[in-house]
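One chain, chain A, links the two complexes that follow: it is found with chain B in the first and with chain C in the second.
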Partner chain A sequence: MENTIFYWLAGALILMSLLTVSVQNLLHAAISLIGSFFATAALYLLLQMEFVALAQIMIYIGGIVVFMVITILLTAQLGAKNLFPKTWPQRLWGGSVCLSLLAVMWLTLQSNDLPPATPIAPTAEPASLTAVGFRLLSADGTGFLVPFEIISLLLLTALIGAVVVARRDPKPAAAGVPPVPADQVSGKESS
Partner chain B sequence: MTLANSLLLSSILFCIGIYGVLTRRQLIGMLLSIEIILNGANINFIAFAHFRAADPTAGAIFPIFVMAISAAEMALALAIIIAMHRQKNSKLDIQQLRRLNG
Partner chain C sequence: MIDTSRFPATNAIGDFIRATLPGPAAELTNIVLAVLAILTVVGLTPVALIWMERKVAAHFQARLGPMRVGYHGLLQPLADGIKLIFKEVMKPEGADTFVFFLAPILSATASFMVLTVIPFDHHLQVTDLAGGVLYVIAVAGLGIMGVLLAGWSSNNKYSLLGAMRSGAQMISYEISLALLMLLIVLLSGTASLREIVFSQAGTVLDWWIFKFPLFGLVAFVLFLISSTAELNRAPFDMAEAESELTGGFTTEYSGISFAMFFLAEFVNMFMAASLTTTFFLGGFLAPQFGLAPLDRVLDAIPGFLWFFLKSYSVIFIYMWFRWTFPRPRVDQLMNLEWKVLVPANFFLLLVAGLFVAMGLV
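Take a look at the complex of A and B:
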């Protein structure tokens, strides 16, 4: 039963990911990416990782993909002239590179014998929500408090950086000040 | 549902993402493909934590950090894309964007 569900989920996941990289319209690609994230969350539930499954749905689908869809709708005029079709040399080179990469990984998986399917710690409990929460914020040797704080600092930096980069310059030429590096990225005002 | 099957699934996802990064011509399409790559890496973490680890909690925590870094990356990348879109005649096609070449 578990095997059947796993294979169905894996098939759906691969199909959705292939659709994401192959459809022409970016909005359709983002929607199939949402489908692939849902299949991944179901896979995490099957592997007894409830917290990661919920975080997958909330962060990826609720945050990142929605942000991407908004950006797609803001920037891409979804007309016929902005679709940028793939060229055939690109497809050929990309397909051959990724197929050879897959072949190398498959051969490695086959040749490098994994030890038999007995887990190292067969009695290890699956990660419960309480254990994840305590572990994430505990300050002893096995806890993850310091990476947690560094990640929060990184997110704050990314937030400020995103605001600075995407900000409109009020008067680019009138003030006469030399441009800061963020202005070199954002360029001149178009309107 | 074994460890080898999960590893194969995550390597297939990784290769699909690589194909997308190599062939897409829109910047946002490349970002979508990067998300697929990170997704495959997360499945790898979870599979090892479920099948092998003596301590699955640590394996469940690590993808959370991957998700946080991916959120930060998306915020910055989409800000750069919006800033590029404001320029005149900028179509967000990587074959026409020469501004960041240096």
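Take a look at the complex of A and C:
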């Protein structure tokens, strides 16, 4: 039963991923990306990882794909004129990268020094949110408190950066930049 | 603390099926029945809400509203529905056929999916996810996709502009909605909607709107404002401001495709109201006033009736908003979200953290 569901989901995932990279219309690619994210989330659910599945849907579909779609919508002249250019050198490069990755994975899986995969009991309780929270933020050395804080700092920096980039300052002199003399400003305008 | 044994999680129909059918078949039958029940709610909610919207609108404008089809226009939604279904489905030239017909389905699906975690009563909930609040936020993203895709695929400037406005608005207000949900999660210590309802057991003063003194009321008002904006309802209906954008992202939709958006909008309104009920108004719990005889009478009324009563009161507030407040401009809307609501929500979170840390709630 579980195996059948897994193969269906994996098949859907592969199909959607292939569509994502092969469809010529960017928006259609984004839609198939949603499909592949959903299939991944379903795979997580099959592994009893409810939280990861929900986070997958929330962050990737609700956040990233929506962002991508908005970017695509803001792009003028999407459609027949602006298709992905596909040339033979590109195909060769992409294909060889794919093949080498596949070869490395195959070799790794073939070598026998990997620990045997321990089967997960299908009846295992899904990890509770409380457990995830404590695991993430415990300060006794097993948690991920420092990476968590560093990531928040990084996000804060990105947010402030976005605000600074997007801000249109009416008076550049106020922002710590040395004031430009009035005659120079007017000179620029006249030239 | 509440005695949860008074609120069993299974209901009589499910128990009967589990007793009569063998294991997997019983589970399957129960799932099918649950989906059918949700579809019934989805089918009947818009009918009730269309009638209510027309009547409320009419009485706010000192009119009578629909009076001819059935008693006080009760059959009017049926007439509306039949009219919509029998209209021709048209597709504008140059529209992206696949996306054009996918978008309304996405919108409708998103609103159906949220209903699966709503606790209509202690034994009427399709599934009680441990991360129910996360699920609600996650699925809401799909609704935005439907709107954006509809606007783009219509090959119409008004549609695209409406979709961009609508998308920007929904994404922005989703932040304050998520922050407010986080506030409730922080206060109640659980992300399961069922547990959140149980955390409000006791008297009326134990509902989160009053239990978190004063700030709870503020959070409730903020939740109402953000969900009105998230629903693209007036006064925040810039996305389909008739006077500017003809019909927003639904301009090119007709017939059953338009009906899907219409359905999704009304189900979304019900969903937002039921979330408000669950988070702030004690969900399916009967209001208790600490007067034993009165409490016993109120408690005897089944929980789902209380749930629907509370939800429909919240829906009435949404309709009240619509006919009371003028529509702000787009930039005013964004200012409201980013410069007022988000900082206010962060402040509320901070205060709630303090309250929880000091054991005050």
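Following the convention adopted for this analysis, the second predicted complex is superposed on the first by the 143 of 191 C-alpha atoms of A that agree within 3 Å, B and C clash if a C-alpha of one lies under 4 Å from a C-alpha of the other, contacts with A are read in each partner's own complex, and residues count from 1 in each chain.
Basically, a contact is a pair of C-beta atoms (placed from the backbone, for glycine too) under 8 Å apart; a residue touches a chain by one contact, two chains touch by 3 or more.
Keep in mind the model is a prediction, meaning the values are calculated, not measured.
In the superposition on chain A, contact is made by A:51 with both chain B and chain C. Once chain A of one complex is fitted onto chain A of the other, the partner contacts of A:62 are limited to chain C, with no touch recorded for chain B. Legend: residue contacts after superposition of the two complexes on their common chain; A:105 is shown touching chain B, with no touch to chain C. Which of chain B and chain C touches more residues of chain A is settled by the count: it is B.
Look at A:160: by the touch rule set out above, it reaches neither chain B nor chain C. Touch criterion not met for A:145: it reaches neither chain B nor chain C. Once both structures are placed on chain A, chain A residues 51, 55, 63, 65, 72, 74, 126 are touched by chain B and, in the other complex, by chain C. Residues 96, 98-99, 102, 129-131, 134-135, 137-142, 144-145, 148-149, 151-153, 160, 163-164, 167-168, 171, 174, 190-191 of chain C are the ones touching chain A in the complex.
Every residue of chain A that touches chain B in the complex is listed here, in rising order: 2-3, 6, 10, 13-14, 17-18, 20-21, 26, 29-30, 33, 36-37, 40, 43-44, 46-49, 51-52, 55-56, 59-60, 63-65, 67-68, 71-72, 74-76, 82, 84-86, 90-91, 93-95, 97-99, 101-102, 105-106, 109, 114, 117, 119-121, 124-127, 131-132, 135-136, 142, 144, 147, 151, 154-155, 157-159, 161-163, 165-166, 168, 185-191.
By the touch criterion stated above, chain B contacts chain A in their complex at residues 1-9, 11-20, 22-26, 28-29, 31-33, 35-36, 39, 42-43, 46-47, 49-61, 63-65, 67-76, 78-88, 91-93, 99-100. Partner chain C is touched in their complex by these residues of chain A: 25, 27-28, 31, 34, 50-51, 54-55, 57-58, 61-63, 65-66, 69-70, 72-74, 126, 128-129.
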